[in-house]
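What follows is a set of structures to go through.
Next come two complexes built around chain A: one with chain B, the other with chain C.
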Partner chain A sequence: MKKHIYTNYERCINCQGCEVACQRENGGLSFINVVVIKDRFAVPLTCRHCDPAPCAIACPTQALNFSGDSVTLEPEKCTGCTLCLFACPFGMMHFNTASKKAINCDLCAGRQAEGYEPACILTCPSSALHYEDYVSYAVKERRRASAAILRAQPQKGGVQ
Partner chain B sequence: MSAVRKLEVDTEKCIGCQACTNVCPAKLISFSDGEVERMLQFTVTCAEDCTKCEDACSEKALALVQADKTIEGTYSIKFSLACCADCGRPYATKQMMNKLHASIPALLVPDGQDWLNTCPVCRQTAEAKNIASRGLMSRWCSPDNSS
Partner chain C sequence: MKDHKLVPTVCPYCGVGCRFFVKVHQGHAVGLEYMTDHPVSGGRLCAKGNAALEFLYHPDRLKNPLKKANGSWEKIPWDEALDTVAEKLQATTNSHSANSLGFLASAKCTNEENYLFQKLARLSGTNNVDHCARLCHSPTVVGLARAFGSGAMTNPLSDLALADCIFIIGSNLADNHAPALHWIWLAKDQGAKIIVADPRLTTTAWMADEFLQLYPGSDIALLNGIARVIITEGLADKDFIGKRTSGFKELAASVMEYSPEKAASLTGVPAEKIVSAARAYAQANSASFVYCMGITQHTVGSDNVAACANLALLTGNIGRRGAGVLPLRGQNNVQGACDMGALPGVLPGYQPVTDADARARFAENWETDNLSPEPGLTVVEMMKAAEDGQIKTMWIMGEDPVTSDPNAKHVHKALAALDFLIVQDIFLTDTAKVADLILPAAAWAEKCGTFTNTERRVQWFDPVISPPGEAKADLWIICEIAKRLGFEFGEGYAGEVLAEINQGVAAYGGITCVRAASLEGVHWPCPSAEHPGTPILHTESFSTASGKGQFIPVNHQPAAEAVSEDYPLVLTTGRLALHYNSGTMTRRTNQILERVPNPEIEIHPQDAQSQGIKHGDTVNVITTRGNVTAVARVTDTIESGVVFLPFHFPDINNLTIDALDADAKIPEYKVAACRVEKGGPQ
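For the complex of A and B:
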């Protein structure tokens, strides 16, 4: 089953470690962006690797494709027309001003080839970011939520 | 035969996407964004042995036509920019957004293609607000005395 970046938003502490880790991996460009709402909530946003992907539909040269489990970019085909930037519903496509080409999160393909997790996941100090397949993440989240309910009702739940 | 060619741009077809400006190795095509307009500046003739701009054009709006002699100078085409529905800042040419409206199926987004009318930065903020309001109401409701 395909793995994705899932976020437990309640755990994000806005340390921006994921942004720095991403910048380190990608030569100064960060594909994860922590947006703070009303000075209270930090929401890390990154490419959703949508299927079907609006950016891939918009791409006139088929440089962007949904293949395997993520949206992949073939830089040699990209002309830098920026249509994908404006097609992305979440504003998470990026433009590399140095190479004049589009660029986005590739889930750290290089690191994964060496057997490592994406840099943002490994860096996150509060375990807000998870790199898992949907089913195992959903099981984990349900366990967490039920444990919280049990903690709130000790007399009924017989909490550990 | 002369290698000098003329750059002919079909202004009806061109969407002002800047792909040709990115690929030109001699930087003979340039663009600049103003408050309400984007200006694409083309060289009149080009003597390089290259068809990168023609190949990169997704709209087939650019054509290289044989010319007799080199003509110095440039000419420009102006495009009006679409402004973000939230922050009001210009973000892309209207022609580009029309193309996106036509190419992205409305099926992808249940509530229509409203996101196409906002700039990428506002889309990020909208998504973050959406997530914040969905899951974290408890913190919204707490009195604003946290320091």
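For the complex of A and C:
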């Protein structure tokens, strides 16, 4: 099943470890961005690798395609028109000013080929970021939520 | 295809002691990989750790010994530099006295380097050796030693996952010790209650179930108020108090005047929140108490620490898994530098210099009769002595007091007044600029040795790459200078020095290179090769003379400097997630600097409005000691009447006050009176 980057938003503390890790792995560009709202909430955003992907639909040269598990870019086809940047509902398509082409998160494909998870996932000090398929992530969240509900229940026969 | 090797190392930044791998290709550090099975961090790294390799290759790295000649720097050969240092140290001792020398050791250097550095100072006949622990956790060493007999963190960080309640005061660990957070979330998943007390709604406070926003400098009022609730509501652990503590009656009498209402009026925290925090901490099966520089950096720092320790003793929350007192240390080896005796009052292993037996033991091991029984000067005292002409020559290893010490203009003046200043560092810091001689040092990845993290975990690391130019490991530099002074320190092999530490420092007795190089490292005390190490302190008895935990009654006292008509705001200083201490390393790391290029002052919308200041405006921050320019960050996460500046930038400490805690001699970085005006540089 397709693995995704899931975020437990409650946990993100805007340390920006993920951003710096992403930059280091990607020649100075970061494909994950933490947005702070009202000085109290932090939201790390990444490419959602949508299927169908608005960026790919908007791309006039089919440089962007959903293939396998992710939206991938064929740079040689990209004309740098930036229509994909307008199309992404999360603002997570990036523009590489050096190559003058679009670029997005490739889920650390190079690292994964060597057997390592994406850098942002491994580095997250607050364990806010998770790389899983949505079923196992949802199961884990359900377990957390049900444990919290259980703690609010009265004991039954000496057991809680 | 893999064309690199992975070399394990220890992060050079904070005291958490995260390990990671450096990817090395043809002698070059080309990348970083996470050590996912590391027991402290599980591979997690903060932004600084992720960028740790960048400054190693910065063009500003010092590559040659430099001598100041006619106001400019002249490259000189190592032999000339080392001969000059030895001559100056010797000449100062001969023409004045050994106490005219001052030595600043470094929490950034290894245990082995700090051990030999203080040994060199002491063989020279002076105890004037100190380091920046004075400026962060000296009250912990004093306060916790009085209460528990040992001024160190009692439990490993992973124990936080086992706590039912975590009380965090004066620590923004989410920003400053981020990889420790993982354990707190595990506890919270199990229903643990998180209480955070801080003058600012920090990212740490984002995690809190209960947030107590107290006025800077009112910690004792809050902690005593909590102690009173615990006692009067019968929540104290009477069994523990009876068996394992002394001084309860005196403590109980001393806290009675701190009713929730009185504590509320002194702290600004609503009385009902004080009561509910007290109940949560006392009723937990296992509660952990976490504090940091918000507690220590006050003229009442030692008393603040005692007030924290009192709560742990009152509730029996010490000596068990998940129950302890955790002062978070700020530097990768600040615990180790203290353990190694880089302090003016104690020899290695916290043996007082005033103790004739301790001196005799070291005198025999070191084959000397020159050990001084007189405690030396602390960091801030050394600066005052330099200004007064009592200290003539200083050797500063890996510290930047011109940026990091309080009332910094005075520090600059004091160092300029010295006959001779030697600075050993990796960059030309503001302190190095004042020096007469600069010794270029290797950075952490370019040398080997051990660091002791905040949990007392000793971890060995090997060199990853070679130092730039002619820069040399600090250990080699110290040994070469020792040789020229007629001392036999060996050839500068860290393993040999660690073997000497095994002999001289009981707690490190069994901590060999091989054991410290293991994934887990070793927690001191570890007296012998067979001993497994001690992750949790005070399990059966305390390290005090009586074996009992000592309650210490303390009282609220106002900060040294009060606000006035001209200086109506309280300025408190602290750290940011992205920068580190004096900024020597992070301000030379593009990935960090591009995110936070300039100091920003946090100011409440009301205070900003009354001065016509808007978010993003350039402002002047003025105290009686100096002024700096900063960018206004208007936010309601700080209370009206209080402003916050990060101390990672030059001149910030021109503002802070050098009033000291009477025992620990720590300056009050956390409270100064200031005013903030719209405008830029004048």
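The working rule: the second predicted complex is superposed on the first by the 152 of 160 C-alpha atoms of A that agree within 3 Å, B and C clash if a C-alpha of one lies under 4 Å from a C-alpha of the other, contacts with A are read in each partner's own complex, and residues count from 1 in each chain.
By definition in this document, a residue touches a chain if its C-beta (ideal position, glycine included) is under 8 Å from a C-beta of that chain, and two chains touch if they have at least 3 such contacts.
Please read all numbers here as calculations on a predicted model, not as lab measurements.
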Which of chain B and chain C A:40 touches, first, second, both or neither: both
Chain B versus chain C as contact partner of A:21, first or second or both or neither: second
First, second, both or neither for A:11, with chain B first and chain C second: second
Partner chain(s) touched by A:65 [first = chain B, second = chain C, both, neither]: neither
Chain B versus chain C as contact partner of A:116, first or second or both or neither: second
Which of chain B and chain C A:92 touches, first, second, both or neither: first
Touching partner for A:144 - first (chain B), second (chain C), both, neither: second
Contact residues of chain A, present in both the chain B and the chain C interface: 40-41
Contacting residues of chain A [partner chain C, same complex]: 11, 13-17, 19-21, 23-25, 39-42, 114, 116, 119, 122-127, 144, 147-148, 151
Parts of chain C lying in touch with chain A, wherever the complex brings them together: 2, 31-34, 36, 41, 43-47, 49-51, 174-175, 178-182, 185, 189-191, 201, 203-204, 206-207, 577-578, 591-592, 595, 635-637
Chain B-facing residues of chain A, complex: 9-10, 33, 35-38, 40-41, 43, 45, 52, 54, 57-58, 60-61, 79-83, 85-93, 100-101
In the complex with chain A, residue positions of chain B that touch it: 17-19, 22-23, 56, 58, 91-92, 96-97, 99-100, 103-105, 108-109, 115-116, 119-125, 127-129, 131-132, 135-136, 139-140
